[in-house]
Structures are given as structure tokens and as C-alpha cells.
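What follows is a single structure, and I will ask about it in a moment.
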Amino acid sequence: MSDHVYKKIELVGSSPTSIEEAVVNALARAQKTIRNMRWFEVMETRGQIDDGKINHWQVTIKVGFTLD
Amino acid sequence: MSDHVYKKIELVGSSPTSIEEAVVNALARAQKTIRNMRWFEVMETRGQIDDGKINHWQVTIKVGFTLD
Amino acid sequence: MSDHVYKKIELVGSSPTSIEEAVVNALARAQKTIRNMRWFEVMETRGQIDDGKINHWQVTIKVGFTLD
Amino acid sequence: MSDHVYKKIELVGSSPTSIEEAVVNALARAQKTIRNMRWFEVMETRGQIDDGKINHWQVTIKVGFTLD
Amino acid sequence: MSDHVYKKIELVGSSPTSIEEAVVNALARAQKTIRNMRWFEVMETRGQIDDGKINHWQVTIKVGFTLD
Amino acid sequence: MSDHVYKKIELVGSSPTSIEEAVVNALARAQKTIRNMRWFEVMETRGQIDDGKINHWQVTIKVGFTLD
Amino acid sequence: MSDHVYKKIELVGSSPTSIEEAVVNALARAQKTIRNMRWFEVMETRGQIDDGKINHWQVTIKVGFTLD
Amino acid sequence: MSDHVYKKIELVGSSPTSIEEAVVNALARAQKTIRNMRWFEVMETRGQIDDGKINHWQVTIKVGFTLD
Amino acid sequence: MSDHVYKKIELVGSSPTSIEEAVVNALARAQKTIRNMRWFEVMETRGQIDDGKINHWQVTIKVGFTLD
Amino acid sequence: MSDHVYKKIELVGSSPTSIEEAVVNALARAQKTIRNMRWFEVMETRGQIDDGKINHWQVTIKVGFTLD
Amino acid sequence: MSDHVYKKIELVGSSPTSIEEAVVNALARAQKTIRNMRWFEVMETRGQIDDGKINHWQVTIKVGFTLD
Amino acid sequence: MSDHVYKKIELVGSSPTSIEEAVVNALARAQKTIRNMRWFEVMETRGQIDDGKINHWQVTIKVGFTLD
């Protein structure tokens, strides 16, 4: 692992249910075009409110992946 | 949306179960007196411990709502 | 001024034109219900984009005012 | 305590003498209208200078109180 | 909006005139290759000085856009 | 509680499932050697990715406990 | 440029009109005694309010200049 | 001093009276088990409120001490 | 006050007794060469420990003064 | 330079030897696909430990480059 | 790795020569009593000056190790 | 040391080779006009890139020195 170079990108995932699912959704979308994702870091957690209830969670993450 | 003014207030919600439920509880209480809540931002997550177990989660949020 | 107590509240103002006007709009709205506003601090500047152009600026400020 | 919701507000208290007294003064003023204050957090400490001496300290705090 | 995934990228725009125009210039350039830009956040504002005058403003923003 | 002294230590707990469980796991381990844990603060949330999916969450917390 | 040493100083400029003009005013004053100013960084933006309107903007900047 | 290694630990001291005394109390407790404490850094200042008055101050410090 | 330019400098004052006195000592020294000091902001509070007791407090402040 | 738009990306470079070499390695990899890199900013420095020794340094940087 | 719990401690290492050697020295001392150190994070870099030259570098790190 | 007052200034040093040398260069320049420099703190590390290689490192430090 010591000679790898990684790139980190910033994504925002959404979920009506939980913080965890919002991250899962962001990673599922990123997986379509990025190989070798290795780790993520949660940067910010927020959400939209509709009629006093949480409509969806929005979680900003940074994702690190190996540059081949 | 471009001519609205919003106010943000800071709340702390609690839950014995999860971060998400602590936020839900804070919003449920705020809903009693505040109309037009639009979004929230999680500021801090902490909790109380009792006999080595989590007694309850405490989540500090900022809530934005439209000033009529 | 040395024996005053101030309260600070957080507002978000909007403007299609400029950061300055977004702050002016937030203060104009706050002025309707708050007397004795003394100073503001810009906390965050962001904006909404529509078709590649800025639809409106959104500026979050804290406003300090004297508690009588 | 586990099912309480708290609100946090931001105040600035002043004192010619000390940081502690500035906080005491802010709380004394807040006590007039807020019940059930529970804790405070010091956010910022500053002061005004007059002729090379401290005219008064200004301490910004956040105060948490129980929403009934 | 609840099932979208967004990507955020970081840009620096320049302008001899104003902070706002520097942001507009960054977005105009980004618009050439990125569809569906939704919002921006100002991260840093600085500028270059020439002979005691501002030669140009440099504003760093993060831009969020929808991943299709 | 006013004459207590607390120590805070920093732990990282893991879980394949959720942020909450990662904190629970860290506290369960700490409970083996630390008496009188009182509260925790979430410092950082991240995770490892394997084949585009979350392998495990890693949550860094500070734990405060009473020094007897 | 690679062997230069720079000093950075912190200034607060004011303007009744705009953030940009407040920076220009600070630089104009600094130019009287400092040669070779190269760049500035905006650190804080605030303002004084009079009768619900902005009396003047106050912008704190750091200015970097070459030490000869 | 140039070849020493220091460890830093985080403590919270309390006092009904002042910030300074809260730090003194934390150090007095730490002194029972730690030799060679060299410096401290104040990380956070807060307090508990009882009936609108400060019940006790709580000051979080980091303490650095020499590892023999 | 609206057309003034201020400079801010950073000082560290010391006192065996209190945070307040450390600030007073820093300002007393600065007063010898700087006219028109207007305000200060506390940036950092720390101290040196000798034999388990506080030898002296060290308080870092920024001081703002009017440029004539 | 005043009409350029820059993009900033985040990379993590590794080296068994030094912080500087980790940055050099990240830039060497980026150079394969990015033209016109202009500057970098070190965001975070960490490393992996193996048997009490540093196995490799990991340095996170942001790299700014001109968008043509 | 997914079921491990880690503890993080904070150390300050010194070196007359380089940042890297200061970290190496801190880890060498920690290795005497801590098994299974896994990673470190650089928190702060500073140094002492003697007669205009660097007497020694002081680097604060956090070290993570596995709790068995 | 307990009755000293220190001033801190901010410098940026450069070096084609290393972070350490950039700091040394900044101190060497400061030594020409400042007596009694005591310590420095690294605030920011960045660098200029030329043709994919590091042209020079730029390290921002704060330097503390005794006011006589």
C-alpha cells in the first residue's frame, strides 16, 4: 500500500431513512464509474424537512480511491 | 425561493436509540411552535453513558425555517 | 456600552444580485420585529445555480442586538 | 433527562472586571425571560480598550435550556 | 430530490472587479463541461495586489451538481 | 458533580452495520478497564469500502469518565 | 519568487458600500507605509448596523508583502 | 529539552468560583499520579446553571508531561 | 468610525494569577509603543506547570488599533 | 493570470521516507493526466506504523491547475 | 480489521533536524510500552529558536493502536 | 519567563528543497531585524509547481519573540 496514490472526491448522498443509507446510496452511484474505492469520510450531515418531518437526509462524504 | 429570509435556531434532541431518532424528536418538539421548517444541519453528536452502556444520544442541530 | 447584554441570532438572506444585498434583505426583514440591532457577522456565503447562472445568493449572518 | 429537547441561544455579556462576571451578567439578564437554563458554553472572549486599559470584557456564550 | 446523488468540485474564479464576478466566471467555465450544476459554496476569498491596488480577486468555491 | 475531575480518552470503534453500533462496540471494550464512564462525543465518522460496499464503519469518539 | 520571504499583517478596512471597497480602503492605507504588497486573504466580514441599516462594512484581511 | 518526548492527556476540572480554580483542581488531581507535568492548554470552557446562577464551571484542558 | 483602518497584532501576556491579569500585562506593554488600541480578542489560553502547580498563565490575544 | 479559472483536486501521496517525497509522488502520478498544475496545499499528514516504525508517510494535498 | 477497537494517544516528539525525525523519536519512546501501534496523524508542528536558529522541532502527533 | 510579553508575527519562507529549509530561510531573514526570537508555529504548507515538479515549498509560520 505504501506506493499508492489516492484521489479523494466529494459526494452528497440522500436517503429518507438514515445517515448510513445516504452514504450507501452515494457509494452505489460512484461505484458505476470509479474502481477501487477504499475509504470514505463523513464531512457534513443535514436534511430537508417537509411538514415538520424529515423528508430526506443528505450526507456529504469524501471518498478515497486508488489511482491505478 | 430567491426572496425568502430564513432564521436558524439551535436545538438538542435526545433518543435512547439512534442519532436519527434524536433529530426526529427535536424536530417534533420544534414543530409545535415553528411553522415552515425547511432544513437542518447536524452540529454535534454526543451521548450519556450509564453503567458502560449508552443511556441516550444527544444530537445538536441547527434548523432553518422561513420567516413569513 | 459596558453593562449591556446582547443576543445574537442567525439569519439567511437572499439576493439575485450580490452578497451585500442579501445581507441588506435579511436585516430589513429582521428590523420588523427586532429593535436595537447593532452588528452582524457573515458566517457563510453560498448560492443556487440555474442553467449555469447564479439564481440567487444566500448569505448566512449572525446579528447582535441589545437586550433592553 | 433522556427525552428532553433543549434550545441553545447565543448571548454576549459584559463586565469591567472579569470573564466570569461577564457570563454571570449575561445569565442574569436571560433569567428574566428564560426558564430552566441548564448549561452554557463560552464561544468567544474579547474586550474593549480605553486609554490602554480594559474598559470591559465581552464574553459570548451559548446557553442551553429545556423546552417544556 | 430525495434520491439524487451530487458531486462537489472545487474551483477558483478570478475577476478584476468583484467577488461576485469571480464566482460568475468560475461557473461560466464549469458550465462548458458540467451539466446540472445546482449550488455553490464560497470557501475562500483572496486577491493579488499590484502597485498597492487589487489586480484581481480570487474566489474559491465548491460547486454541487447532480450525477445523472 | 461540581467537584469532580474527569479524564477524556479517544477511541475508535468499528461496526459493519451502523454508526451507533460502532460507538457501542468502542464503549463495550473500554468498559473492561474503565469505571465510571459518563459521556462520549463523536469526533469523526469514516469507513472502509470493499468492492463498492461499506465493509465497516469507523467512528472516533472521546469518552469522559470520573477520576475517583 | 522562490527565494523570497514574505510577512503577513492583519488589517481591518471599512466601507459604507461594499466588501470590495472595504478591502480597497485597507490596502490604500497600508500602501502609505508598506512597499511590495503582493496578495491579501479575507479573514472575516462583519458590519455595524444603525437604525436597521448597514452603517458600514468591516472586512478583516491578511496582507502579504515581500521583505526586501 | 530537545530530546524529550511528551504525552498530552485531556482533563475536565470543575469549580463553583472561577475558570482558574477549575484548572487548578484538575491539575491537583492529576498530580497524584502523573510526574513531570509541564504545561496545559485550555480547550473548552463551559458550566452548569442552577436556578439561573452558575453552579460550577467546567474547563477542559490538555496537560503535557515528560515521558521519562 | 466608518472610515477607519485598523491593524491587528498578536501578543502573549503572562501572569502567575489569572487570565485577566495576563491580558492586562500584555496591553500594558503594548501601550508603551502603540497609540489608539481599541479592542482585543483572546485567541488561546495556556500555562506553565511547576511541581504540579500553575507557575504562570499565558494568554495569546489579538489587539486592534486605529491607524492614524 | 487574472482571467484564469482553476480546478482543485485532492490527492494522497505516500513515501517510506519523507513528507516531501510523498507530495512529489502524488504530483508525479497526477502529472500523467493533468496539464498545467500550478500549486498545491498540504491538508493532512499521517502515516502507517509497522512494528513501532514508520512504514510509510501519507500526505493529503490539494492541487490547483489551470482549466484551459 | 472490522471488529477492532483502537485507542488514540497524543504525543510530542522533538528533533534538532527534521519533522520526520521528531515523529520517529516520539514513536520510538511510545514503542517501549505500547504494542500494536497502527497509524499516526500529525496535529501540530512547531519549534524552539535559539540565537535565530532552530534549536529543535516539536511535532505533536496522535497515535492509534489496537486494544487487544 | 513568567513576566515576559511576547509578540507573534506571521512569515512565509520558501525553499526548493524542503519544508524545514523554508522555515530556516524565513527565520534567517527575520533574524536581521528581530532580536530574541523564541519559538515558531507552522501554520500552512504549500508550494508552487512547474512542469509537474515542485518549484519551491512555501511555509507560513508564526514567530514569537520577547518584547524587551
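Brief remarks on what is shown
Letters are used for the chains, namely A, B, C, D, E, F, G, H, I, J, K and L, taken in the order the chains are written, and counting of residues starts over at 1 for each.
The definition used in the following text is that a contact is a pair of C-beta atoms (placed from the backbone, for glycine too) under 8 Å apart; a residue touches a chain by one contact, two chains touch by 3 or more.
Since the model is a prediction, treat every value here as computed from it, not as a measurement.
Taking the definition of touch as given, a chain qualifies here only if it contacts chain B and chain G alike; those chains are C. Graph distance from chain B to chain F, where chains that touch are one step apart, equals 1. Using mean Cα coordinates as chain centres, the one most removed from chain D is J.
Farthest chain from chain G (centres taken as the mean of C-alpha atoms): F.
Between the CA-based centres of chain C and chain F the separation comes to 38 Å, rounded to the whole angstrom. One inter-chain figure worth recording: chain H and chain K are separated by 22 Å, centre to centre, where each centre is the mean of the chain's CA atoms. Centre-to-centre separation between chain E and chain G, using Cα means, comes to 22 Å. Under the contact definition stated at the top, the residues of chain F that touch 2 or more other chains are 9, 18-19, 30, 48.
Pairs of chains in mutual contact: A-B, A-E, A-F, A-J, B-C, B-D, B-F, C-D, C-E, C-G, D-H, D-I, E-G, E-J, F-H, F-K, G-I, G-L, H-I, H-K, I-L, J-K, J-L, K-L.
Those residues of chain D that touch chain H in the complex are listed here as 18-20, 23-24, 27-28, 30-31, 37-42, 63.
Against chain C, the residues of chain D that register as touching in their complex are 9-16, 25-26, 29-30, 48, 55-56, 60. Listing the residues of chain E that touch chain G in their complex gives 17-19, 44-49, 52-54, 57. Listed in rising order, the residues of chain H touching chain K in the complex are 1-9, 62, 64, 67.
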